[in-house]
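In what follows, a structure is listed as structure tokens, so that the remarks can point back to it.
Chain IDs A, B, C and D follow the sequence of writing; residue 1 opens each chain.
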Amino acid sequence: MILPMKQCLGPNRNPTMSTTVNESKIAHLLISCPDRKGVIAAVTTAVAGCGGNVLDADQHADPNDGRFSMRLTFEGIDDRARLESTLGELDLRYRIRWPGPLPRMAILCSKQTHCVADLLWRASIAELPATVTRVISNHADAGNLANSFGFPYDHLMVSAQTKIAQETQIIELLKSDQVDLVVLARYMQILSPAFIAHFPNRIINIHHSFLPAFAGAKPYHRAFERGVKLIGATAHYVTDDLDEGPIVAQRTAHVTHRDTIEDLVRKGRDLERVVLAEAVRMHLEDRIIVDGRRTIVFE
Amino acid sequence: MILPMKQCLGPNRNPTMSTTVNESKIAHLLISCPDRKGVIAAVTTAVAGCGGNVLDADQHADPNDGRFSMRLTFEGIDDRARLESTLGELDLRYRIRWPGPLPRMAILCSKQTHCVADLLWRASIAELPATVTRVISNHADAGNLANSFGFPYDHLMVSAQTKIAQETQIIELLKSDQVDLVVLARYMQILSPAFIAHFPNRIINIHHSFLPAFAGAKPYHRAFERGVKLIGATAHYVTDDLDEGPIVAQRTAHVTHRDTIEDLVRKGRDLERVVLAEAVRMHLEDRIIVDGRRTIVFE
Amino acid sequence: MILPMKQCLGPNRNPTMSTTVNESKIAHLLISCPDRKGVIAAVTTAVAGCGGNVLDADQHADPNDGRFSMRLTFEGIDDRARLESTLGELDLRYRIRWPGPLPRMAILCSKQTHCVADLLWRASIAELPATVTRVISNHADAGNLANSFGFPYDHLMVSAQTKIAQETQIIELLKSDQVDLVVLARYMQILSPAFIAHFPNRIINIHHSFLPAFAGAKPYHRAFERGVKLIGATAHYVTDDLDEGPIVAQRTAHVTHRDTIEDLVRKGRDLERVVLAEAVRMHLEDRIIVDGRRTIVFE
Amino acid sequence: MILPMKQCLGPNRNPTMSTTVNESKIAHLLISCPDRKGVIAAVTTAVAGCGGNVLDADQHADPNDGRFSMRLTFEGIDDRARLESTLGELDLRYRIRWPGPLPRMAILCSKQTHCVADLLWRASIAELPATVTRVISNHADAGNLANSFGFPYDHLMVSAQTKIAQETQIIELLKSDQVDLVVLARYMQILSPAFIAHFPNRIINIHHSFLPAFAGAKPYHRAFERGVKLIGATAHYVTDDLDEGPIVAQRTAHVTHRDTIEDLVRKGRDLERVVLAEAVRMHLEDRIIVDGRRTIVFE
């Protein structure tokens, strides 16, 4: 199965519009192609031939679908066009992020603020290599928080009647921001397929269960009723099938009979924000290749 | 909801037939009743009034179903009848295991030996406080292993035609052994409701997934296909609903895109045997009270 | 070994000065005494005799030092003096926190803000049952943060020359605040024995290693040099011996050869704030009894 | 710092003497050299030029010591001499394990059997890709166990007077076995520097603490006294400095005030055997490069 490029690698980075400059000289190269003899040699020779110095490399040859994936970080290439031209001759799909502006990220949230607060804090200390363009919410709850960090906050209320209009408004904002990533930080609205189609493999959601267990609504309540001894959180790319998108990161934590539903919610907050932040960082650092329902995460 | 006693506490221990004597002077008391004012005082006063010295106590008052549960370990009571009579007046359900023979346990397994090997080894170094009466299997694979530890091994083959007869044979062996616990150590036959009815809340199974995810067959294959980032194992009491019984213990382990199905199986073996051993130890030490679909595990 | 009361239980709560009222009707009772027959019966009978309804109970009888510890939560007692008088006749040390104002907590920090930001956020959503009286720092870094949450911020610079004066100033602020807990949220000054003596078992520090490994300065650097495969964080009560106080909570996380010192610091931030918050919550909910160099934490 | 080859990579595999044949066609290549431009391209081009098909590759360029490390697995090379000759011209240190006999491993143990039992079981189901040549012990305890698996058992008692002679005897056995790995599975004798010098970076020990905490004797007792909230286990290569060798694998588990020293020992057994087995597998699969006091483990 050869995936269309946008599905596994996403589009090349658009360097315009960013406001924060990535001072590093490091480029990231992602490659996906059917496995074949000599492909690592060909790619690394191309990079070396253009004067590039490889800093980190990771590969994966999947024995199931015969697909080869690679991530290469390097520095020292002045003639970018020459490398792209050489790679273009190699019959493989690739994406490069050259040194330049940081990737651009928008955050959608609702009433609960633990995930958005955590992401904004991480962005503010530069733990996440991104420019946060704005926070959008159907509630007012996170407004002061976003403003205290200096980020724009769009409070776009939604009802059954206004859902399509509100989505259209959000899409326009995200498009004008030229975002590389949309983070659903406990955004409690289901996005339409039309929305999702605008940002293939560029929307990350956090679900408060260890998927595929407890997909859908109220996972902590159902976990409590089922009497599980651990709860979990799952960060995944959003597809048309709710809670069925490719999983990027998961964690679990132990619970006991003493834990009420409120305790599960409290323990879950700590899981959710760490798992979401991990997935977001992996995306922003170009560490993820989507392979059907699975992800390759070059940690 | 007030559960029938056998459902939440199980029958009192039958002290006959055991061959290994529990040298300790310690008794275990499990109590389950609707929560009410003064119940801890009443029970502990009863024990102290009979000369008992409490060594360990744990309680749980469930705010959802209003049920009170308690585990008490104590020593120093000579007049057992007097304590039982006093408890009998308190309008509660209880079960006592007096000092005496170790609980009796049988193990059922099939071709895979990692769980049975682990349990037998733990029993052999007295980490598990039980007398293993026998190992029963529909395959020959674990025979040498059981014999090397000195345990009887019954190889009872089964086919669609002989299933009822084989189950009847197993039930007779377990009844004649007077087992307190039946462990399904990767026993790959589905037990009939009739079988299960003989041993309510006394059959523990290990399932190789983090239930309720991947209930049913081939969980590692389905976990691989779904692209989860962690695998799990679940030990639970067996009920008529496959993989739906009350959960006793669960653990998960991280996996990555590099892990093949064979790797999941290998990592899973380490999870399964530890989770199963933990659940078995909890049962043998009288630490579990079943409360509907949930368990209270006094660790 | 019978510990002086203040050392294991701390003083009874002073209910004055608090501004936030604990609306619940629940009281917490902590007990510590030499183990003896009938002590649980005596205490629970006393509570029931005063009309109290026990909601949660936990005990521990230490086989090493023969010490009995107990935590009881109950509601429904109107005549508080009567219960205290009954308990006073039982020859044991106890501490009660009656329903009333929330415990009062001050936070000390320096340049790094991850722990203080996390604690303030948890307090702001009422996950931590405390009134934060103020944040004190020898640096200005966390000022805006504290103010954005509405908490007072005292920037008290310190040098070798002003250390005693600055400490005196802090002690006065904490005394006037009548704090129940002082949290060192990566406060990078060593407190004098005189300071510590004012708040016995009421100062919690977070150390960025799995103590006793890497006590002292620069633990992440030393962990990197030693080539460990996991890093950790430890929350402990502060005593005169640096990093030697009773441990309340610890966690570790895996690291690999790919992790630079900067990666350890980043991963460590997530550990530190969770471990510190856990220890602080245990203290605020009266779940900790100090027993020499060890802690009993009734989770 | 450029390490001598034997210190970081170990000697090339001696293919004689092995009795179990590795049926796979896969070769493992380990490389260590100062980092320089084009090294990945040079090595992978060499492999491709000899007809090799790369199945898995992993690299690490250490920014601290400027050292480049690489592990490559490949198949399809008929002319082994040609590849070795090509690699020989590249000014780097390498080691190849060609398809052929399984690596050879001996196990040393004392009275405690949990680690040796676990390793033998894993070897018996071919989870560990090794030929176990023998088990050597200064006690008789594991004899029946080893024999039940069909492995030779040498019971070589030792006293202060006979220590040198016993060590000499062990060295001779290991040399005649031509072992690739010596596993100290809770072997409670300290090996002399002379012994260690015979097997540089080929002796793996399991220590029952999270090193560097509790190096030396009785770690569980000291952990209990210190009141830690987690215990650990560490597998490391053995050097002349006791418990100071390069760490390969570590894990921790939570403990509480309820856990006695016996509980720590019991929980520790589960940690120790898993950590040791993990380290042994990494060594046998040629996944480890030693870099001073640190290890690179290509998982």
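Here is the rule we go by: a residue touches a chain if its C-beta (ideal position, glycine included) is under 8 Å from a C-beta of that chain, and two chains touch if they have at least 3 such contacts.
From a predicted model like this one, the values you see are computed outputs, not experimental measurements.
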Numbering shared by both copies at the subunit D-subunit A contact, with half separating same from different: same
Identity of the chain that, by mean CA position, is farthest from subunit A: B
Separation of mean Cα positions, subunit C and subunit B [Å, integer]: 38
Interchain centroid distance [CA atoms averaged], subunit A/subunit B, Å: 42
Residue numbers of subunit C (touch at least two other chains): 258, 299
Sites on subunit D touched by subunit B in the complex: 113-114, 117, 121, 125, 127, 144, 148, 258, 266, 269-270, 274, 299
Subunit B to subunit C touching residues, read off their complex: 37-38, 40-41, 44-45, 47-48, 51-59, 61, 76
Complex interface listing, subunit D residues touching subunit C: 60, 62-64, 210-214, 225-230, 232, 246-252, 256-258, 260, 291-297, 299
